[in-house]
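Next come two complexes built around chain A: one with chain B, the other with chain C.
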Partner chain A sequence: KEKLLVLAVLISFAGYSLSEEENVARLLASKNVLNQYLVEGRDLTVQYTIFNIGGSAALDVNLKEESFPEQDFEVVKGNLNVKWERIAPGTNVSHVVVLRPLQFGYFNFTAAEVSYKPSENAASAVVGFTSAPGEGGIVGSKDFDRKFSPHVLDWLVFAIMTLPSLTIPFLLFYRSKSRYDTPKPKKN
Partner chain B sequence: MEFAGKMISLVVLLVVPFVVLGDSCLSPEVKAETYTTTEAIVSTETVFIVQFTLTCKNKVRDMNLYADINGRTLPVTKTDKPDLYQVSISDDHKKLSSGKYEVRLYDEEGYSMLRKAQRSGESVDSVKPVTSITFNHPGVSKGPFVQSEFVAVVIAVLVWYFAYSTRSQLQSSN
Partner chain C sequence: MSSKKDKAQKSLTKEEELLLQDFSRNVSTKSSALFYGNALIVSAIPIWLFWRIHQMDLYQSGILFAVGTLVSTYLVAFAYKNVKFVLKHKIAQKREDAVTREMTKKFSDDKKMTRKERDERILWKKNEVADYEATTFSIFYNNAFYLVLLILCSFYVLKNFSPMFNYLMSVGLAAGLLALFSTSNK
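Up next is the complex of A and B:
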């Protein structure tokens, strides 16, 4: 059944692109969060991919990401406002931004804005949106560490705490052993 | 009249080189900041982000650049800040292993020559890039090599074994 659905999507997609005019650009943009876990204080990787499924190059393509408020997300690397001069038909471009969440809790990842000129002599730019990843839960750093960090310090403390119950009997035994240990009798 | 003609041709000769070279970058200066993924537990793919400023002596701005990195050729992303560009790639952790990587930057001319060389199967090294950036990817960490719980259990077993063997030694000697 799944195969039928995929086939139906592909046919409608192909039919749509065949019906497309040959000299107009059309962009599809996706926004993905490349994270298995969203953790406060750890890197959050956002990837944008823009495909040109039209018949001619898209000009003056702008990607504007404004959905990450500065007090909640810190930019580690990358730019949130970028552009490409042209995207050739049938090609795609990709862009990555790395952020760091400063708060934990639920966050709704919404779409970024894409604008472009579909042809050389287009009157105005076309404005569209990327896909939206949806709502995600950002885990607090303490909770994440509790589950994933190696806890080396905790184990060391535990080892130190068990030392008295091991060393005191051992010292007692050793002291009495060395005091009362008689040498083996000589064989005549 | 002849002198004027000579002056005109001289001026034209002086101007033409600048017109021809107007688009290419003279003595490029590049400053780059790179980011590579370090934690595999949190991220599903490895990404490289190379953010750089490229300034030319002949003040060429807003250039259309193309980058060649790890065998991939892609257009360079322009930002809203002048002279600031970004190159980003992403792939599986296994495909972007640790090591040194080089990003070669080409302008429009260089890019068309590069494509020509790629199509005819010639060596790509013959096309000279505007500039190139090298960076090091230290690799992703998948967590500690050995679980600390495992180490704790091993040590506990060793301590118990020592105690048990000493005890059985004492008992057998009595």
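Up next is the complex of A and C:
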């Protein structure tokens, strides 16, 4: 009997939400870090995509990103607070922000906030959250350089530095050798 | 009679001296200075590599660099001496004829020199030439070998270890192997 009651409640809720779906906007937001490597002092790209899976347009959409403290991340390009007047049903919008981490270490990328009006006559805004990319490790610039930089100039300078200690002894040896070397016997 | 004996002893001692110099592993002060100087230069060059490419801080790793350079200098100078000693005899044998010819030509018009003195001078010149050539070749060969070993160790074998460990092991291995190979009697 209890099971039947629970089932009834669930069906009624589903019925309710299904009927409402057609006239209401419903937004799903994702937040992705597009970098393969997160390096201190180098650009970090974050992409936000908002999908409207509802039946009507979402109005007054606000994306509020507050999870990047100013002393740890510098904004290179883009805005952390974005507004869209209208997102049509069945469409999506995307927004990209380029940041630069000022410190290295582990950083937890948390969700940003999305608020919108699901319909024209909605009383209050609906607040939702984007997906959270999770924890990422920001590599220090020295470690990254050590691993990936080609260091062409450094190798060149190294070669120039070692040249005297190699060529001078060899030249001296060769000079003396050519002076005293026994001439090869001539073929008859 | 005693003076004649003394004179004979003296000239023998001079030849003995030359022979001793030939066969002993001890090098003169000038050679020693040359060896240590070159060894120091060669041992100091890797510091640039580690500073720039492995991003090791100069001031933080200063003591490590100093210790590594000193140990490496000692071992490389040791290798120089050994290789030079082995080479000297080979070169002396090769250059014997050419040196003798040159010196005989030089002294042919000097009638006042005795045969013994001429031989002594030829022997001395042979020794000098062999010494010089062995020294320069030893320095060249050991420098090249050391640098190759160091680059191999540091950038292939020990690529993924921490820079400090990398430096100590690369310099230690390179200098150590150099010293080891120099003690072979080929």
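Assorted remarks:
In the analysis below, the second predicted complex is superposed on the first by the 149 of 188 C-alpha atoms of A that agree within 3 Å, B and C clash if a C-alpha of one lies under 4 Å from a C-alpha of the other, contacts with A are read in each partner's own complex, and residues count from 1 in each chain.
The rule is short, and it goes like this: contacts are C-beta pairs under 8 Å (C-beta built on N, C-alpha and C of every residue); 3 or more make two chains touch, one makes a residue touch a chain.
All figures in this text were calculated on a predicted structure; none of them were measured in a lab.
For chain A, the partner that touches more of its residues is B, with chain B and chain C as the two candidates.
When both complexes are overlaid on chain A, the residue A:146 reaches chain C alone and has no touch with chain B. In the superposed model, A:181 lies in contact with chain C only, and not with chain B.
Of the two partner chains, chain C is the only one that A:172 touches; chain B does not reach it.
By the touch criterion defined above, A:129 lies against neither chain B nor chain C after alignment on the C-alpha atoms of chain A.
In the superposition on chain A, contact of A:158 is made with both chain B and chain C.
Using the contact criterion defined above for the overlaid structures, shared-chain residue A:76 touches chain B, although it does not reach chain C.
Common to the chain B-facing and chain C-facing surfaces of chain A are residues 151, 155, 158, 166. Residue ranges on chain C touching chain A, taken from their complex, read 38, 41-42, 45, 48-49, 52-55, 94-95, 97-99, 102, 129, 132-133, 136-137, 139-140, 143-144, 147, 163. Residues of chain A touching chain B in their complex: 34-37, 39, 42-43, 45, 47, 76-79, 81-85, 87, 93-98, 148, 150-152, 155, 158-159, 166. Against chain C, in their complex, chain A makes its touches with residues 142-143, 145-146, 151, 154-155, 157-158, 161-162, 165-166, 169-170, 172-173, 176-177, 180-182. Partner chain A is touched in their complex by these residues of chain B: 33-35, 37-39, 41-45, 47, 49, 51, 64, 74-75, 77-81, 84, 86, 88-90, 143-144, 147-149, 151-152, 155, 159.
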